[in-house]
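In the two complexes that follow, subunit A is the common piece, with subunit B as its partner first and subunit C second.
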Partner chain A sequence: MKLAILGAGDVGRSVADLAGDYGHDVVALADSTTATVDDDGIDIDGALERKLAGDALGSSDLETVFEADYDVLVEATPTTLGDAQPGFSHTKRALEADRHVVLANKGPVAERYEELRALEAASAGSIRFEATVGGAIPILSTVEDSTPQAVTAVRGVLNGTANFILTRMAAEGLDYEHVLAEAQDLGVAEADPTFDVDGTDAALKFVILANVLADGGFALNDATVDGIQNIPGSALDLAAEDGRTIRLIGEATRDGVRVGPRLVPENGPLAVTGTRNIVQIETRNAGSLHSSGRGAGGPETATAVLSDVGRLPPL
Partner chain B sequence: MKLAILGAGDVGRSVADLAGDYGHDVVALADSTTATVDDDGIDIDGALERKLAGDALGSSDLETVFEADYDVLVEATPTTLGDAQPGFSHTKRALEADRHVVLANKGPVAERYEELRALEAASAGSIRFEATVGGAIPILSTVEDSTPQAVTAVRGVLNGTANFILTRMAAEGLDYEHVLAEAQDLGVAEADPTFDVDGTDAALKFVILANVLADGGFALNDATVDGIQNIPGSALDLAAEDGRTIRLIGEATRDGVRVGPRLVPENGPLAVTGTRNIVQIETRNAGSLHSSGRGAGGPETATAVLSDVGRLPPL
Partner chain C sequence: MDACDTEVTAVSNDPADDEKAETDGGVRAYTVRLELVDEPGELLRALAPIADNGGNLLSIHHERGSITPRGHIPVEVDLESPPDRFDGIVEALRDAGVNVIQAGAEHYGEEISVVLVGNIVETDLSDTLSKIESDANAVVRDLSLTAPDGTEAVSSARIRLAIDSGQSDAALSAIRSIGSDKELTVVEPLLGGETA
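== the complex of A and B ==
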């Protein structure tokens, strides 16, 4: 398939870098200012070098990307809330041109799900968005293959930054501010870590899951969300005395979404450590499936994008 | 899709029972003696009642099944080794008639993989076999979506009977013979438990995985296999003193297959308990994915079969 990649952050660059390994071509790569476009395939290494050197990707613009000969638009621009722009418009434009869209951007899928599905129904193209939930862990494809009707709930840890912080607080008896600073030094937390530590990032993912289970009906505002910013180190010590620890746990069912810190057994499956993520998928006929792995990262998330590309029907 | 189901054991009956929930029709159901066939859809409840009452499924025979108007042959007859018959012939016949085949029967996939792929290449139909490895846990589809080239190894616990026995031996300090008898009473171990306790069942699954990773080249004879029959209760006590336990662990890489009892950390991911299965899928770009769940059972395995049916292209 020919990929037009919007977004040249970690995910967009990794998709460009790995596309060839999966048998796909990259005909466009764009960041927020410029683009490089070539229907015969862009010079991927050159583009990545220019990006990392701080130079312009190319001399084209977004219009040229949409006029290119592509099969799949990869929407990997930063997640935005509310109207989910410009990601929503990018997706709409590709679907209206009867092209496929694979999203790593959570915004449109969490905030405007029913509109996306309506655009998809009117298009020859399809949308897929494995990369929006749990990075490398195949969560949405598992729900899809089980059929959403057979899945009753999805629960787990879907934010690695918050999980890392809680793991370190428990392991070292350090307080939140201290561990947050450590996480930022390591690149595990961003300079502005708000969405990770206040639960918004996890909530977006569980909202997407609830939309898949219920075929729409949820946006971020519908989720009940509590973060980890107010957990004192003493809470983790107390939990440990009882053989438990604290994790930022989310749950999606057809009835709604909740994210918040929970006490979990110290050695149980939900007490995943470091930046790792885990989901428990509860099914009608097959009990509980647990999947864990790396929930974030350029190459990790790119594998989810490319896995989705592999599941698209030919146009 | 229209399913013709060969095999009316736990798996075959569960596929018949659940097919409607997934939007599929059942046009034939056969056991080793008779069959019930109806191009407009068989009376599933009636057939299941007759089977459970010990009566004949119907008045048709295997020939009539192959002459029916079906899209997918579900091969759920008992696993046989070596020439993998009659499962191999059933599969061959359907592929030569340009029909799809979804296997729950490990024999043909473990023992005659390259021949199956050659038949598939010459057919308009495809083969899928998620149900042969790990029951409800989506292992093969995860490897497929990651692309086999990106997967370096698959390791884990894929036999619930052996795992149950080892879990109980460690938990209760009982010896092997005692716990085996308990497992048989519970229906977790069969009257003849040989293939479960000597590692053959696990080895077949890891051979199938090695065949997928390497695109063929392995059969059961190529695997190095040790079972759990000779583990004394004292070995588990000693392991526990070190914070470890024993599990029957298999590993498949492109270079081969090994199955045998291994020491694993007591609270680590491989120390899954009871009849649960777990795999660790090691990937080039996305680290290690862990998936656990119910590795066996009629409905559980049927969900894998029906998940495969959902991924088949139209004929």
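== the complex of A and C ==
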């Protein structure tokens, strides 16, 4: 497949870097200001070197990407809430041009799912978005394989930053602010960790899951979301007295989405430690399935994007 | 201990729970009532089979002062274990010659724990507990409170509740509403699936 990649952050760059290993060509790569386009395949190493050196990625602008001869648009621009722009427009343009779209951007899938599906129905192309939920962990494809109608709920830990903080608090008996500062020093938490610790990031992923289970109907506003900012170290100590611990757990069903700190058995499957993610897929006929792995990171998330590309039918 | 002393009344837990017996690290809480002979080392001897068979001790209520009609000391042990190991634990206790009076479900079908966070003391803890008992239809089994920065600062309380089978959702919803009235954060257990 010929890929056009929008977004040159960790994920976009990793997709470009790894595409060759998966047998795909990259014909365009763009960040928010410039683009490099070549129908015979761009010089990926050169483009990435320029990007990392802080220079312009290329000499073209975004418009030229849509004129390129591509099969799949990889939408890896930053997630935005509300109208989910510009990710939504990028997706729309590609579908209207009868191309496939693989999203790593959570915004359009969480906030404008029905519109995406309507655009897809009118297009020869398809959309896939495995990378939006749980990075490298094959969650959506597992739901798809089990058929969404036979999945009754998906629960789990899908934010590594919040999980890292809770794990450290429980292990060291430290309070939230202390561990957050440490996580920022280690680069696990962003300078502004709000979306991670207030539950928004996890909620977007569970909204996407609920949309897949119920074939639409959910946006972030429909989710009940609580964060971990108010959890003191002492609450984790108390939970441990009872053989339990506290994790930021999300739940998606056809009835709704809920994210918040919950008590789980200390040695149970959902009590993953550090930045690890896990989901439990509850199925009607096959019991529960658990998948755990790295839920973030450039190369990890890029593998989910490239797996999606591999599942697309030829145009 | 004489064989005739050994009386086992193993009450299996709710059959509905058995469907969830296939676990992947999932555990359930159980209560076991034992009668021990009043001799040194008896308690330790009685607990070893539990630990050796995959049970995790949660609490031990050892009533040294009271004596059963047969002159033994009653001990109530709360433990958690994967459901498929619980029968093995009871069997191991019997094999060790320990008197098991009751094993498994109690009158209340389910036990859940919640953790409350906030100004727990200043918002009248005993009122909170009575509201939980009345509104959530629950019995407070156990309470643990920590206030590392004093009772006027944010503190945390863990409350273990016994509730009727199938009433967890209703009980938790009542507790959520009590928590929101008193501006307390309620950390609920995750029910459903194989995690409860």
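The rule is short, and it goes like this: the second predicted complex is superposed on the first by the 315 of 315 C-alpha atoms of A that agree within 3 Å, B and C clash if a C-alpha of one lies under 4 Å from a C-alpha of the other, contacts with A are read in each partner's own complex, and residues count from 1 in each chain.
The definition used in the following text is that contacts are C-beta pairs under 8 Å (C-beta built on N, C-alpha and C of every residue); 3 or more make two chains touch, one makes a residue touch a chain.
Not measured: the values here are computed from a predicted model.
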| item | value |
| --- | --- |
| Partner chain in contact with A:232 - subunit B first, subunit C second, else both or neither | second |
| Partner chain in contact with A:299 - subunit B first, subunit C second, else both or neither | first |
| Which of subunit B and subunit C A:21 touches, first, second, both or neither | first |
| Which superposed partner A:265 touches (first subunit B, second subunit C, both, neither) | second |
| Which superposed partner A:311 touches (first subunit B, second subunit C, both, neither) | first |
| Which of subunit B and subunit C A:288 touches, first, second, both or neither | both |
| Touched partner set for A:138, first subunit B, second subunit C, both or neither | first |
| First (subunit B), second (subunit C), both or neither touched by A:54 | neither |
| Subunit B/subunit C common contact set on subunit A | 267, 269, 287-288, 290 |
| For the subunit A and subunit C complex, residues of the former touching the latter | 153, 155, 226, 230-235, 237-239, 241-244, 246, 249, 251, 260-265, 267-270, 280, 282, 287-288, 290 |
| Subunit A partner contacts - residues on subunit C that touch it in the complex | 22, 24-27, 56, 58, 80, 113-115, 117-118, 144, 146-148, 154-158, 160, 185, 187-190, 192-195 |
| Partner subunit A, residues of subunit B touching it in the complex | 18, 21-22, 135-138, 141-142, 145-147, 149-150, 267, 269, 283, 285-294, 297, 299-300, 302-303, 307, 310-311 |
